[in-house]
Amino acid sequence: LEEGLLFEIGRTEVTGVDVPEPAPFKDRLGGHARTAPLELPGLSEPEAMRHYVRLSRMNYGIDSGLFPLGSCTMKHNPRLNEKMARLPGFADVHPLQPLSTVQGALGLMGELSRYLLELTGMQAVALQPKAGAHGELCGMMAIKAAHEASGSKRHVVLVPESAHGTNPATAALIGYEVRSIPARADGTVDPEAVKAALGPEVAALMLTNPNTCGLFERDVVAIAEAVHAAGAYFYSDGANFNAILGKVRIADLGVDAMHINLHKTFSTPHGGGGPGAGPVVLSAALAPFAPVPALVATADGLALVEDQGADGAQQALGRMSAFHGQMGMFVRALSWMLSHGADGMRQASEDAVLSANYIRACLMDVMSAPFAERPAMHEALFDDAWLAGTGISTLDVAKALIDEGYHPMTVYFPLVVHGAMLIEPTESESKASLDLFIAALRDLALAAKAGDKARFLGAPYYAPRRRLDETRAARAPVLRWVKPEPIPDAAE
Amino acid sequence: MRYLPLTPEDRAEMLARTGAASVDALFADIPLAQRETELPNLPLAKGELEVERALARLASRNVPAGSVPFFVGAGAYRHHVPASVDHLIQRSEFLTSYTPYQPEIAQGTLQYLFEFQTQVAELTGMEVANASMYDGSTATAEAVLMAHRVTRRRKALLAGNLHPHYRATVETVSRYAGDEVVSLPPAPSGGEDIIGAIDAGCSCVVVQSPDVFGNLVDLKPIAEAAHKAGALLVAVFTEAVSLGLIEPPGAQGADIVAGEGQSIGNALNFGGPYVGLFATRSKFVRQMPGRLAGETVDAEGRRGFVLTLSTREQHIRREKATSNICTNSGLCALAFTIHMSLLGKTGLTRLARLNHAGACDLADRLAVVPGVEVLNDTFFNEFTIRVPGSASHVVEKLAAKGILGGVPYSRLAPKSGLDALILVAATETTSADDRAAFAATLNEVL
Amino acid sequence: LEEGLLFEIGRTEVTGVDVPEPAPFKDRLGGHARTAPLELPGLSEPEAMRHYVRLSRMNYGIDSGLFPLGSCTMKHNPRLNEKMARLPGFADVHPLQPLSTVQGALGLMGELSRYLLELTGMQAVALQPKAGAHGELCGMMAIKAAHEASGSKRHVVLVPESAHGTNPATAALIGYEVRSIPARADGTVDPEAVKAALGPEVAALMLTNPNTCGLFERDVVAIAEAVHAAGAYFYSDGANFNAILGKVRIADLGVDAMHINLHKTFSTPHGGGGPGAGPVVLSAALAPFAPVPALVATADGLALVEDQGADGAQQALGRMSAFHGQMGMFVRALSWMLSHGADGMRQASEDAVLSANYIRACLMDVMSAPFAERPAMHEALFDDAWLAGTGISTLDVAKALIDEGYHPMTVYFPLVVHGAMLIEPTESESKASLDLFIAALRDLALAAKAGDKARFLGAPYYAPRRRLDETRAARAPVLRWVKPEPIPDAAE
Amino acid sequence: MRYLPLTPEDRAEMLARTGAASVDALFADIPLAQRETELPNLPLAKGELEVERALARLASRNVPAGSVPFFVGAGAYRHHVPASVDHLIQRSEFLTSYTPYQPEIAQGTLQYLFEFQTQVAELTGMEVANASMYDGSTATAEAVLMAHRVTRRRKALLAGNLHPHYRATVETVSRYAGDEVVSLPPAPSGGEDIIGAIDAGCSCVVVQSPDVFGNLVDLKPIAEAAHKAGALLVAVFTEAVSLGLIEPPGAQGADIVAGEGQSIGNALNFGGPYVGLFATRSKFVRQMPGRLAGETVDAEGRRGFVLTLSTREQHIRREKATSNICTNSGLCALAFTIHMSLLGKTGLTRLARLNHAGACDLADRLAVVPGVEVLNDTFFNEFTIRVPGSASHVVEKLAAKGILGGVPYSRLAPKSGLDALILVAATETTSADDRAAFAATLNEVL
């Protein structure tokens, strides 16, 4: 059974919500009443339930199976955290209630901050950013603010070529010129290359660590020292923080700012693409420039400094968004942290790293793994050299994996590796689950080498859809439903 | 540890397979001097019961909106969300899925995003909408950046009655991006002269309606003036339910619409996560930031959906992207879409009317409290009152008596000098008893 | 991907629950400590989540599609009701707390009773029975108690041959001899047949109304009068109450006792086979014999008479079970009733009946519908006459319907109709949904007549399993997992 | 009406197709004289918000166990249920499915029932278990009926320390079935002479352990004596968690085990729904009541599960069925199974130990309250104290001070004359602070 679009099954005269009619009254709309048509179809509740349950069944989530999407950290999402975030004391609280009525919410923000600072060794944390890229923006604005405060006009940001696309996009957004730094042969950044690129015009270096090749930047301390020596700041992309939680405090590496994707390391659900949350930790040098609102302790309890320039936020860089950040995600992240504790968090990192190395070790003989001389952090990186001559591409392997019951790994990223396949098992998989996944990939690898092209080129065969025509979608975009030519009752 | 499936035996076996001497050897690239030797100075793992107790204790120190007569709005609104909405968004296949990069096994997400885009376009009266932004304030900032790209100008004109947080969000990004922002002063009773401030340097005029004080704004003449000057009209709203009853910005000439979608399907959540709505005209679609779901066909010719126009996005364009945004607000958008599907035109219109009726009743009740003045000629479900003395003190006194009676404008804009104004909202969740209690208590505390 | 059994994927040393170890203490087990092995495997939480999510995906529910299981009333289960039942004030209350601390719970039971009595016109209600059959038992025990109280030794119960199997089973359980009454040609019970069977040895008549053929027993008043005239009681099986809610009060038909399946008429979820709830309404004649506990109003508020023979329960028939009944189901049922209101409940019955008649009308030309001269109540009954000569059986049609994306209808029940197919759409389906279902059945009917046997005999083709060997299961029952021969690590 | 998808136009079209003149004509078989002409005298339809308010108001008039120090047991126990359990049982495919009569599309239900049966058998130490009963008390009544069938005798001997509600449930069914029941008097400190009461007419001896007073009972000698007399031992328990720590009845010679499974996976729910556990020896399986899932293969040879041995059941056997039961407690059984899967042997053992430790601590604290006597030599997580004066009054006074301090035995058995006894339970959800508060408050109110 195919599931139609809401607009095909719903009708404007149907509603699944019983709202009483108010008693007659004189409106205060002053002539602004809606005259434009409103073609929003409604569904009765049984219809809506079935429609969205059916849609959900066309999706794949962590609960469906292993989800080895590199760089995305698809780990188990505990339902306890969902339950906690829905406590009326958290979910049913307005951001602008008097502070005396939200001391618990502020307390939670304080506790989350304490955990993040302890885990990173940093000086301050800005909770407002709504996602990783938003955190990057915040951190880079703090760096710009710091330079401006000291009268510096630096206009260049260095970004390694393996960086996430958000890094250059963020730097460009606030007017920086982006200069790329090539990786050395082993997949990491050479401090000499950084030194060579540094100069009085350089405001910052943005470095993902562990990097997108799944390697820890082993010269990070030297790099940081060089950056600082040149008067620049060191921004660290925290997307892969999950690999080193409890293993190293990033402050000890010389980091000035790093965003933390609560939806990666701290397991707030990805929800099909959001919402995320991207708090930024800052070094002492950058702490004064943190955005408003700022959480402060007063004699009356906790309070928020909500206005830029007010006491406690004199040098604040400004405001990242309305209100105080992704509270619902804070609750979930803190719930995860309390559950794991110091011991569990470190164990989680170790298990994630161990699992990635295990996968790489088990597949190296049938696939090709660049940079395998170094330990993988929580991702195992492969390229497509092993597919040479088969007529099968990385994308084909990904689609064939769907037929094996798995979500594909990240493909064609990082860009620095040809036909990259980036596999991140996270710490949430049992050994049995990893072994099944490895067996599936081995089987595919052998099939590819044996020339079973049909299995790959036509894949997926067993998904709700066969391969979709993305070119057509982009060439003549259809981005919304439009009522078909008026045939009476066609919408039914 | 309940979340970690590996046993010590598993770890030992796996480690042997990697060839590493120890788990620590896998971390050999972390410089030894920096490696943490002790556990972080934080408590050890806790059972579910203990975590629940600790968090419930924090939660109990807040006053939930539902436990008191509640009139707080100013950008976030308490509406009743059907139980089925929250149930559905917690389905594993929605909750634990990722951005639909593999469309063949993500049609559920892609189809609801396509439905969401259509709903948002229809609600705002625009041609095309994206698959959501972080929230209304960041959507507004992105709208300004987009207007700069479209017009190749770099000055934004902001109405004085734009929500101060939205203004600050726009100003912050603009400052660091090196763009100019002109903000008009607030005009609590409405009627500000925005048109007079438009000049040929403006990329856009940003106007909110209902504005932060609750006034409904006639966008048509502003749109005309903006277009005459070569600028775009960016229309902003913070209360999506209002569009069930008032003329949508698309019908008034808006070029970009940025709004907050929280009030449909989403809880207050102390400010987040929310869902930014973003719509524009078809001709600007390639300048639009954010993710987009588009229709296509699969290898067997069946209709299907994919993420599309990603060449605008950071993971392809890097420093030339339309925006650095990578995440949307998917699950909140799903809640919006499901709630909106349940409402439909009929339900939304009724809901909006019920909101407006309640607010009208409240305005009538408060207007007769001695010393209180209602400033608005027009409003939807929120309006502004002037009280004698400090609005903050009045709101605190109300809270002490168990009434959450609105937001002092001075909290949003401490330097505005407007210290006697309270923004007051009434939705379908406030009862006539609540409204009567508010009026009576306000009378008491003044 | 196949999903293994818990016992194949779990391990006894793994647990998904973090329970702290108590401080050392001296036990008070007195030598009763467990020495027997305990082969209960555990799963970490991520494993458990995935295991049960995957199992769920092999199931079909109302939310998956139309579920036309006749006699079972698979209607929409509102999630509001689930939410209400989970309010701590209902879910986290112990049945033996002091009555002063459970006044709201007693109030809810009182309110539910009020609704049930108003809808049936009866005198009393016993909420304890835990399911429909348990309600039957309660009602029949009340009848037996009433006869005993009057010194009568009647030992026969009359049951029409179309009755649910629970009716004779219940009567037999408490020692009654069961006598069957044949139906007349139009599918209903002939009052003359009842009169002929009545006699001084007859304790009661059990009658399902609307009956299992989907017909209202139009002579029910005459039947009741005859039963009463013979000194017997009239038990009505309320399984099909959904068809007449708000259309007739069963007290007006002369009913003495009827159980109400809250999980049918009032939409508490069927949950894969339970829990149900089967309150019994009683006439004035039977009311004194209602079981304990009984809800009574006192000066201090509501109270429960929990002991047989105590004031307020002097003639109580005894106790049906520990505690007070299926409270969680009471909340859901009352939530459903409040939501529908008097108007919505009547409308629900009308829509359910209309939908059944619509289906029958749309399929009569391609399938054969016995008793079609009478209006159907909320079920449409077909037999297998239309399959004559095709080599296809009712069961084959049911299995083929699975391939069309539907749950099959009830088959081979009622027994009085050959190859019965009993279709109950309920009031929860939109016309579009009914039309799709009708089209699917028409298509199957035409295919059957066209001789497309393979489509039927091999069905289902597109389900998690092909047809299962039920004979094998019954011949050598395997009712639990047993550890396979000891191969080391086999459980992994 | 939000739950009814048909519109007036739909109804008119459908009616036309049926050929009936009106909807009322479809109800023509209801005698006109009896047909309801008016709506029932009940309120009209309400929106979700209003229903929520009405029910929340009722709920607020109860004292939830989690809001106070809580020591109430006596057949229902408050344990912590992991959030994932309640989430999973609400999955549409579990919640809204029916009895798995069509196994090809009900493998989810059938497989968990098979897992449930195995877990129950393993936990109780028996060979085979059914797919659940209504609750522990009805399971006990069914066990007695089954023993009658197996032995072809009709007299049951009930231990005096069987939960009085269980006794009453057995007695009620037996009375109407015409079977005999002999109930011994209660012996609060344990040690009653059950063996002495066994005679050759007994089909079974029904013994609970831990008994209603909390005492642990040595079942072995009773089983031996019963078997010698040709009777079966029916072993009963009301606290499934106890089996993590104490010797299971299967290892002590029980022939049938009937128990309450509520405390694993299920909330208190003011008494229901709960889940009855029922296990026996393989040789009796065809006399066992209730539903059974069994393993088989499908047409392609793949393992699958079906309901089996249904020839015992009422829908086939009608008046000759083993029982009239048609419904089981499926969803509660699922909750049990998931919670038990999460616990596993390791977790269950720990949980049981933590319960026992808390109860030992509580017994020590209460024993030193002047006037209070702990009666038990042995117990698991519940024991009995004797207080001066009326237990009911003491419990009421404790409740007035915010402590729910147990169950007066006299509430369960008013005619027993045992008016000074309180059954007191402590699970992992009671903290040391709770226990200290109980002791202190008990001292106050005595």
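For clarity, chains are labelled A, B, C and D in written order, and residue numbers in each chain start from 1.
The rule is short, and it goes like this: contacts are C-beta pairs under 8 Å (C-beta built on N, C-alpha and C of every residue); 3 or more make two chains touch, one makes a residue touch a chain.
All of these numbers come straight from a predicted model, not from anything done at the bench.
J.: Of the chain pairs A-D and C-D, which one is connected by the greater count of C-beta contacts?
T.: C-D
J.: So which of A-B, A-D or C-D is the twin of B-C, meaning more than half of its contact pairs are the same residue numbers?
T.: Answer for B-C: the repeating interface is A-D.
J.: What is the distance in Å between the mean C-alpha positions of chain A and chain D?
T.: A distance of 46 Å separates the two centres.
J.: From the C-alpha centre of chain A to that of chain C, how far is it in Å?
T.: The separation of the two C-alpha centroids amounts to 47 Å.
J.: Measuring from the mean C-alpha position of chain C to the mean C-alpha position of chain D, what distance in angstrom results?
T.: 19
J.: Which residues of chain B are in contact with two or more other chains?
T.: Where chain B meets two or more other chains at a single residue, that happens at 1-5, 45-46, 48, 50, 52, 82-84, 86-87, 90-92, 342, 428.
J.: Residues of chain C that touch two or more other chains: which are they?
T.: Answer for chain C, listing residues that touch two or more other chains: 11, 13-20, 43-47, 49, 53, 57, 62-64, 76, 78-80, 82-83, 339, 428-431, 433.
J.: Show me the residue ranges of chain C that touch chain B in the complex, using the header's touch definition.
T.: 11, 13-20, 43-47, 49, 53, 78-80, 82-83
J.: Give the list of chain B residues in touch with chain D in this complex.
T.: By the definition above, chain B touches chain D via 2, 48-49, 52, 80, 82-83, 87, 90-92, 342, 428-429.
J.: Note which residues of chain A are touching chain C in the complex, please.
T.: 1, 9, 18, 44-47, 49-50, 53-54, 57, 62-65, 75-76, 78-79, 339, 404-405, 428-433, 492
J.: What does chain B use to touch chain C in their complex?
T.: Chain B reaches chain C through residues 1-5, 7, 45-48, 50, 82-84, 86-87, 92.
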